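Working notes, structure below.
Letters A, B, C, D, E and F mark the chains in the order given here, with residues in each chain numbered from 1 onward.
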Amino acid sequence: MNQTRYEIGTEQLKKIDGVGGEKVIESLKEIAPDLGKYIIEFAFGDIYPREGLSLQERELITITSLLTAGGCEPQLDVHINGALNVGITPEKIIEAFIQCIPYTGFPKVLNAVNVAKHVFAAYEKTVG
Amino acid sequence: MNQTRYEIGTEQLKKIDGVGGEKVIESLKEIAPDLGKYIIEFAFGDIYPREGLSLQERELITITSLLTAGGCEPQLDVHINGALNVGITPEKIIEAFIQCIPYTGFPKVLNAVNVAKHVFAAYEKTVG
Amino acid sequence: MNQTRYEIGTEQLKKIDGVGGEKVIESLKEIAPDLGKYIIEFAFGDIYPREGLSLQERELITITSLLTAGGCEPQLDVHINGALNVGITPEKIIEAFIQCIPYTGFPKVLNAVNVAKHVFAAYEKTVG
Amino acid sequence: MNQTRYEIGTEQLKKIDGVGGEKVIESLKEIAPDLGKYIIEFAFGDIYPREGLSLQERELITITSLLTAGGCEPQLDVHINGALNVGITPEKIIEAFIQCIPYTGFPKVLNAVNVAKHVFAAYEKTVG
Amino acid sequence: MNQTRYEIGTEQLKKIDGVGGEKVIESLKEIAPDLGKYIIEFAFGDIYPREGLSLQERELITITSLLTAGGCEPQLDVHINGALNVGITPEKIIEAFIQCIPYTGFPKVLNAVNVAKHVFAAYEKTVG
Amino acid sequence: MNQTRYEIGTEQLKKIDGVGGEKVIESLKEIAPDLGKYIIEFAFGDIYPREGLSLQERELITITSLLTAGGCEPQLDVHINGALNVGITPEKIIEAFIQCIPYTGFPKVLNAVNVAKHVFAAYEKTVG
């Protein structure tokens, strides 16, 4: 039997963003439940399970896009966790941020590294 | 004997951005030669040859950052070519752009796909 | 029988963006057909037909967001047409842009007015 | 007798942004009083009282522009309050944010909804 | 007798942006005359004639802000001309753009240098 | 004997950003030491010591770029301190922010003034 987009998205969200992703959806339940639904159905149900890129490549792209957009520290937090969850090492995450310097300048890279610092420390406690 | 940063960068620029990259540097010769020097020394001499990411991953990150920044169509042109030069398929480039939709919205993705369309067509003529 | 999201979106796209919207989807057919599918299914199938805002309010919000993002002139072109199609007058479109000045500064407003100028002129020829 | 731009703006600011707006002006008194003066004279004296859009439409446009710009959470706070003050319902504010998803992506919409959550809770306490 | 803000602004606009500034105002006459009025009254009548910064410093700040915002090439064109008009040398304009590299990355600086290239060439013809 | 880029940059960083700059580099030591190295070598070793602009002009340009980019409050904090360190008065810093209003709108200027407020207060305690 076919899974719905919502079911596929829920699985993907759990696999990638783990607890952080579920907290985002949970936080929307009262105020904007449909926003949570679209994140699950569209971002995680339609886009993430597509072929053509590995999950690791998708997370590299996502954290690059969030760093470049700026002002998305809460989402960077969730997706740096996501990057770790799909097996990208902390060193490679930092290297991806360093690759952005020529294209975004230093300030946005500094902001992203600062988020990573907190995420890595918390992740180590949980996992380690 | 050690290569200078400028020599390393020139090699990298040629390997990645090919003719397009050289044209950018050439176009700066009269008006802002030091800008060209910094692009070669810093972006291509310091950042690109670092370990920790493959050249393909670096180009994926670069085109993602340029798409997200917006208004960087001339640089996207150069680096979509760069992505093709380091062996990323057109299909994978488009897939990277599609992965950005949830994080940037549709308009920036449409702009990037439009640049890719022209680059792919020109690339085929040259190579094919 | 229930319409699919794609069918709903196609109807909405036609109603709102008219020929301009169809051209965008058409232009994606070869290079990124799924991007066109998501625009129809998600933007026009899921979001536009929602209750809670009139179509005129949705277009006001859309052109405001495109003006503020910057670098989205092709999409502004399509959606200024869309705003006219759902019955917003040229005067009201300009007034919406003027309301943005304190929040975006003059340059982005000037760029949007410049797009509007061309759209209004072409629209008059077609309709008038 | 004619009101000055400053008098008109002060009235509008009070009507729209209420206590939040006055606090912004107050906070500028020592460090940048002219900035406060320009906000009152230009944004609220020149732009807001113009004809052609209702106050509700102006606030819809303003919160859309602030959401799209990103990094304007303090101003979003003031103007979500402003939107409530001129009679836009919380449901409609959220709906306006949802309309932005296709044009800005999810992260900026999540940030705006998060601000709204705090504003709605505080507003209820004051009014209710 | 006191000059009005409009009269002061018109003088400043002529002094700084010259023909380019007047063309912008002229281009708005049919479609959005009030936008032209606000540019003259607020930007050039209120802000530019303030004390505390020289006209050269104001133009340095303006071209820096336009470069950083991105997508404001038409306004950069007008204000690079403005910078030349108030006596900033082409070399200093380029140097200001180079100072932005660490804060904006290379692409926006490349776009601004490209605009400068055309402005400098046209300026030389007119003046020289 | 020639100084290395790193030595030149360290001196410049100390002169301009003082304790704030050193703290940024220090904070990167564990997580991304090369990012700190590039800030010193490229931003402060290559760009800042160039001729053609005074240090005061360079800091004016830097704080303008950070204000306009948005979301760079931590870097604005460091560089407003830097501006004071190279002898720009608080009044002139505020005046530079006011010059940005027509090009960025009010919200970004308000955010920058708010950072300045805290920096000026802390600076007075240290120096005065």
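Just so it is clear, a residue touches a chain if its C-beta (ideal position, glycine included) is under 8 Å from a C-beta of that chain, and two chains touch if they have at least 3 such contacts.
Composition by chain, UniProt nomenclature: A, B, C, D, E, F = Carboxymuconolactone decarboxylase.
As the structure is a computational prediction, the values presented were derived from the model and not from experiment.
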In contact with chain E and chain F alike are the chains A, B, C, D
Greatest centre-to-centre gap (Cα means) from chain A is with chain E
Greatest centre-to-centre gap (Cα means) from chain B is with chain D
Between B-D and A-D, more C-beta pairs in contact link A-D
Chain centres from averaged Cα atoms put chain A and chain E apart, in whole Å, by 40
Between the Cα centroids of chain C and chain E the separation in whole angstrom comes to 30
Multi-partner residues in chain B (2 or more other chains touched) are 34, 38-39, 42-43, 50, 66, 69-72, 75, 98, 100-107
Residue set of chain F touching chain E in the complex reads 39, 42-43, 47, 50, 52-53, 57-58, 60-62, 64-69, 72, 75, 91-92, 95-96, 98-104
Note: in the complex, chain F contacts chain D through residues 70-71, 94, 97-98, 101, 105-111, 113-114, 116-117, 120
Chain C contacts chain F in the complex at 101-107
Counting only contacts in the complex, chain D reaches chain E at residues 34, 38, 42, 46, 50
The answer for chain D against chain F in the complex is residues 24, 27-28, 31-32, 34-35, 38-39, 43, 66, 69-72, 74-75
